[in-house]
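Labels for the chains are A, B and C, by order of writing; each one numbers its residues from 1.
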Amino acid sequence: TNIFERRQEARNPFYRVVALADTTEDPAVWGQNFPHQYDDYLKTTDQVRTRYGGSEGVPVTPTAADPRSVVAQSRLEQDPRLRDLWAGYAFAADFREERGHAYMLIDQQLTGRQRVARQPGGCLNCHASIYRPFLRAGEGDLFAGFERLNRMPYDSAAAWVSHPIACVDCHDATTLALRITRPAFIEGIRALKASQGIPDYDVRTMATRQEMRSFVCGQCHVEYYFKGAEKRLTFPWARGLTADSMLAYYDGVGHRDWTHQRTGAAALKVQHPEFELWSKGVHARSGVTCADCHMPYKRVGALKVSDHHVQSPMLNINRACQTCHRASEAELKARVEEIQDRTYQLRNVALDALMALLADIEAAVRTDSTAPGVAQARGWQRRAQFYADFVEAENSMGFHAPGEAGRILGLSIDATRKGQVALRGILTRPPSVGAGPR
Amino acid sequence: TNIFERRQEARNPFYRVVALADTTEDPAVWGQNFPHQYDDYLKTTDQVRTRYGGSEGVPVTPTAADPRSVVAQSRLEQDPRLRDLWAGYAFAADFREERGHAYMLIDQQLTGRQRVARQPGGCLNCHASIYRPFLRAGEGDLFAGFERLNRMPYDSAAAWVSHPIACVDCHDATTLALRITRPAFIEGIRALKASQGIPDYDVRTMATRQEMRSFVCGQCHVEYYFKGAEKRLTFPWARGLTADSMLAYYDGVGHRDWTHQRTGAAALKVQHPEFELWSKGVHARSGVTCADCHMPYKRVGALKVSDHHVQSPMLNINRACQTCHRASEAELKARVEEIQDRTYQLRNVALDALMALLADIEAAVRTDSTAPGVAQARGWQRRAQFYADFVEAENSMGFHAPGEAGRILGLSIDATRKGQVALRGILTRPPSVGAGPR
Amino acid sequence: MRPTHLLLVVAAVLLGAAGGLGAFTFAYAKGGSYLTDDPSACANCHVMREQYDGWVKSSHRAVATCNDCHTPHTPLGKAVTKARNGFLHSAYFTFGGFPVPIRISPASRAVTEATCRSCHAEVVDAIDPGGAAAPDQDSCIRCHASVGHWTR
């Protein structure tokens, strides 16, 4: 770049070559007006590994069933304990490190979990550009479309979508302002606010621009389940965002994801609670948003644009962190890895403990599955497993809220301890699981 | 440079009314030259309570044995579990919240721990202005004096001191520069640096001014024990400053503080490891020192001076935190208390778990104290207790390093679990305690 | 700014910079703004915009301009520093390739540290009781990180 360019850019931020409407789905078209954002958005196909994040491009031979030539590394092969943790659930068949947004749709369609279980249409909510499809399916009514696709089996619902997340899922086509397009988040955050004494919260009209920089991500990077017969995608936030309050919610409605194959426990599987863990950290307290670190501003000549190559900040420390932190890149990397190593150590301690508990219950069940200790041990397993999985499934290895991650793992280890003690007949009753549908 | 030029003509803001020498022990004399520092220093008699710190002035009727009319609240009454944790050790007789520096000597002389056990002279190292007494006892040789007082029983050694910590313990009388006056720290930090590959470290010549702002405090706010027959005051840092490496050190030398009355375990008592925990936090990583928060600069007229009223920063948030953190006082207080509440919850979980382990071992010992499970359970108790006590004895309730405090408590709970499991005959051997003196 | 300094600076830049290009850059990019103490002049370069905006939000906006902090409070030091920065700036600016976000160089940090102490002599003399004898000084911005530029 030379000075002439710099001075040129300074005058015209970008050219509006095409008119964008709410119906414009193709990112390439948006890209004509916003080439920088589009070019970066395309880069989410990159695969680079960090100590605990990013992703590794593992070459595989394409088959008729799975045409992918590159996938992300298998977490089950990295840590076989996870197979035991999830015994009897689809996750024990295939669970991989997540990678860039460009892969969201294909990775969902081709995961081994699709082969071992019949997945609901609601899965697509977070794996495709589904804003327009919702409107089409609902004949203009977003919620109606949402409900309709939720009720369909995965394949029929998949026929309605064609693309991973696109511009239109996060932006208003005319103002470019961020917007919420997912009913599940609108309902989840309303329930959360209600629990905090704020009635009738409507995120579409009441959120600040700052909040939106995290809320758009919170539409997907959250724990969820499919509620009832109509399989409504639901975020378990009605009692709060901590691991404790989400577990209390599931206990309250008596929900189980599956019955543990080895122990018979009413088990729960946690999925990517990034938004929830982040909300308990000092960054969130300080108003630091997802976009600040994962889509930091970058300078393109005179322009300051948000880096739409959404990725691990460890691959972009300079822009992601140094705008706020004076420390060197090496020092900031070291701070993150110190936090992550600490969390990883405790995660492993918690998983080892859980493996021991599974074996103990399994043995006890063989002798006498009706013994009172067994019922209680199963209850403690459900809790210990939920807590451990909360940190395991969260994708920052504790960084989003180091102290909170440590607290949750400590509670997991203690629940395991109580479960093992219960089998000795020393009964310490776990909070009871409500009599909801099984 | 031109800092230097300016320094030459810089008038010294203090009137030197008296000449101070290395032999000037009385703070009142120093106070004539430095009235601001002296006046604040006298304020360490204040007693104000914060949620987890400060101290409460509890009125008591003076007796011949204990002339104090006000003491700090008893931690044993606040949490009776501590009596069981330390059963058979002097701390089970009397343990109070610590208060200001002004009380250090009298509180040590009159603690109930003096009545139940014969304390060594080394105790005085951290409870009195002992720099000059060391020199006197050693006829000019600091280390000789240190060794001589260490070997004496408490009362004989106490006859050598007359005052709590004074200016001369932290400052060079002519330059006012900070200095190290405690041999135990000189030796401890040398051993630590050696373990990091830095040979022959001499803190008196090699420490930066910024490091000194923490090192002066690290002479006392640290874990310690009295080594061997000559009862040499020693900091267990030869393998590092983490709880893990200090425990490994004690295992290596086969040290126990006492034999647990109820279980027979070779138990350890941790004491105020503020320096060690702080060193694992992000503040230490960022070069933030003890003095920054506990002795923040204050403005007096045209000058700024270090606030020598050493106290809880929660009583001085504006100066202690807000120069670096833009958040409001209320928000900063909330951040601290969130961290502390989280740590306190996990501390309580760990202590409850330990109470269960003590009961289990006690019962097992009654049936058959020679069962292999018992030996192992005792080993796990030693570890679980050391970890839990590390956070319990540290005085910031986790604030100095939130993530590390959580990690340590998690390890405590896991060690307790293994101890309880061991009693079922499922043997998981704890790292063995070396065959040192018992 | 007195003409003698002006000459000194221009000379230094011409000497240092890559021949004519340097001169050209210097002129075209208003490198001449080094010769004034007007903050908005620094902001002529959009890459200085961040610091300018930060300064506008900072406590010193009303009391200190860029050069009050970034050039020594001694006539010669001032000229030399300006010349050095002028050269570095022009060079970097022409060929690009400087690290973003821009970070202050050790040399420039020493300058700002000295200027703090020079303006605040009364206030801070007390905290260095040893005066010139005091070993290493403590950095002002270790605590006052955002006096010059509001960060966060």
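Definition applied: contacts are C-beta pairs under 8 Å (C-beta built on N, C-alpha and C of every residue); 3 or more make two chains touch, one makes a residue touch a chain.
The structure presented is a predicted model; accordingly, all values stated were derived computationally and were not measured.
Visitor: Of the pairs B-C and A-C, which shows more C-beta pairs in contact?
Guide: Answer to which pair has more contacts is B-C.
Visitor: Relative to chain A, which chain's C-alpha centre is the most remote?
Guide: Centre of mass proxy via C-alpha means gives C as farthest from chain A.
Visitor: In whole angstrom, how far does the Cα centroid of chain A sit from the Cα centroid of chain C?
Guide: One centre to the other, that is 46 Å.
Visitor: Counting only residues that touch at least two other chains, what does the list for chain C look like?
Guide: 145, 152
Visitor: Residues touching two or more other chains, restricted to chain A: which are they?
Guide: Those would be 286.
Visitor: Can you list the residues on chain B that touch chain C in the complex?
Guide: Chain B residues touching chain C: 1-8, 10-14, 175-177, 208-210, 213, 287, 292, 297, 299, 302-306, 323-324, 326.
Visitor: Name, in rising order, each residue of chain C that touches chain B in their complex.
Guide: 72-74, 77, 110, 113-114, 117-118, 121-138, 142-146, 152
Visitor: Can you tell me which positions in chain A touch chain B when the two form their complex?
Guide: So the residues of chain A in touch with chain B come to 282, 285-286, 327, 331, 335, 339, 342-343, 345-346, 349-350, 353, 356, 398, 402-407, 409-411, 413-414, 416-417, 420-421, 424.
Visitor: Touching chain A in the complex: which residues of chain C?
Guide: Those in contact with chain A are residues 25, 28-29, 46-47, 93-94, 96, 99-101, 103, 145, 151-152.
Visitor: Show me the residue ranges of chain A that touch chain C in the complex, using the header's touch definition.
Guide: Checking each residue of chain A against chain C gives 1-3, 6, 10, 286, 299, 302, 318-319, 322-324, 326.
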